[in-house]
Amino acid sequence: MQPSKFPTIYSITESEIDLNDLLARITLPSTGAAAIFTGMVRGVTSRGDAHETEYLEYESYVPMAEAKMKQVADEIREKWPVVEGIALVQRIGKLYPKTPTVLIACTAAHRDTGVFDAARYGIDRLKEIVPIWKKEFGPNGQEWVEGDYIPKPGE
Amino acid sequence: MQPSKFPTIYSITESEIDLNDLLARITLPSTGAAAIFTGMVRGVTSRGDAHETEYLEYESYVPMAEAKMKQVADEIREKWPVVEGIALVQRIGKLYPKTPTVLIACTAAHRDTGVFDAARYGIDRLKEIVPIWKKEFGPNGQEWVEGDYIPKPGE
Amino acid sequence: METKNHIKLLFFATIRDRAGTRSLEMDIPDDMTILQLKQKLGADYPNLKESMKSVLITINREYAFDEAIVPSNAEIALFPPVSGG
Amino acid sequence: METKNHIKLLFFATIRDRAGTRSLEMDIPDDMTILQLKQKLGADYPNLKESMKSVLITINREYAFDEAIVPSNAEIALFPPVSGG
């Protein structure tokens, strides 16, 4: 099986994230397992600075973000060659609590192949290098959420 | 937050597994992360005894299976008290390649809380103790797939 | 005088195929153990004899083992190791 | 005689708020480094001066660092550490 036969989906979108559709698009006849991560807008945060959120506004440097999502997918394939399909989707715009905002899904023939680790790696890397930002709107006003990762040369 | 406020879904079904719907049902205002595992019917298997599959027929001892799925959910909550919502769904009947047959999803406030491990544990335990069996139909006839786990007293 | 215990048996997967039926009802002596029940089934249904070595058994939907006593009106299920997912 | 390099600048998130614009075009000297570009932006746009210490910079959609030379007709983006997900 050549890697070129394996589907890779990456996109920044303003539309709803459809898990059923994305999963179907990365399922091959040889696929038996999928590990999927989704992130949602939290309306209530308890950890750290406890607060409430009315909504988030996401923006992205879209062409670079899509290129970096492809890079994350390439990194996953290098580390876990058994991974078959990969989907990375970030929704942007004004998003309310309970709404899925991001999805990473990896498929493989079997579940004991690192497919869970691959999905975990995917969301961690997306949050490090993919140019997306969010501004939080709550009862006490608005605030940009800043990450803390500084990409290294070559990333 | 009391555990009783956390949704637990467990079911044996003959209907399509709707990831969007299940995810929505285990997303609370405090939820920021979901780890989801799905298994699908493989049409082509390369590992071990390489073969092709036309379809699988699943059956279950339904009332016991649902009770054991609830037990798996209880075990997850005991090991990962941060888990908020849990869904365990097994589809039964005649299922063709690329079709999702099983889903385990766990939600939590944040992704670094063990939520990936919780989902992984869920599928591993389902395959050990939940009374479901599958018969494989392929070009060379039909064969029951047998597990290899013997439950211990108290399981 | 021996009293009788009326139980229901359920068979799944390979065990059902060999038993040729999904369920049976039967009377067994009080205080019969799971091991004795397996021996009785192996004797009464020769097709099941071989399966009784590796079968999983549940009493009222909980896994049960050789030394357990079959309770009254029990729902007993017999099946091979599970293979869901 | 100094030749000129025409570049496009894009600002995102906090940097855009402080710049008051999403994009700018400007001519810079050939062989200008990213460090020199940051110094120039800090001098030309006082609102950006403080941000230049921790800003991330990309050249043609790849992360770039102080010593890099800005290539001709580059698309340069400036933004804070990312926070997607």
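First chain written, first letter: the chains are A, B, C and D, and each begins at residue 1.
Going forward, a residue touches a chain if its C-beta (ideal position, glycine included) is under 8 Å from a C-beta of that chain, and two chains touch if they have at least 3 such contacts.
This structure is a prediction, so every number in the text was calculated from the model and none was measured.
Chemist: List every chain that touches both chain A and chain D.
Modeler: none
Chemist: Suppose you hop from chain B to any chain it touches, then on again the same way; how many hops at least until you reach chain C?
Modeler: The distance in steps between these two chains is 1.
Chemist: If I average the CA coordinates per chain, which chain comes out farthest from chain B?
Modeler: Farthest from chain B by mean C-alpha position: D.
Chemist: Can you work out the whole-Å distance between the CA centroids of chain A and chain B?
Modeler: Those two chain centres are 23 Å apart.
Chemist: Roughly how far is chain B from chain D, centre to centre by C-alpha average, rounded to an integer in Å?
Modeler: A distance of 49 Å separates the two centres.
Chemist: Hey, how far is the Cα centre of chain C from the one of chain D, in Å?
Modeler: About 76 Å separates the centre of chain C from that of chain D.
Chemist: For chain D, which residues are shared contacts with two or more other chains?
Modeler: Touching at least two other chains: none.
Chemist: Can you tell me which residues of chain A touch two or more of the remaining chains?
Modeler: Residues 39, 123.
Chemist: What are the touching chain pairs in this one?
Modeler: A-B, A-D, B-C
Chemist: Which residues of chain D touch chain A in their complex?
Modeler: Interface residues on chain D, with respect to chain A: 10, 12-14, 17, 56, 58, 61, 63, 65, 77, 79-85.
Chemist: In the complex, go through chain A and note every residue touching chain B.
Modeler: Residue positions touching the partner: 1, 18-20, 23-24, 27-47, 97-98, 100, 109-111, 116, 119-120, 123.
Chemist: In the complex, go through chain A and note every residue touching chain D.
Modeler: Where chain A meets chain D, its residues are 39, 58-61, 63-65, 67, 90, 101-102, 123, 126-135, 144-153, 155.
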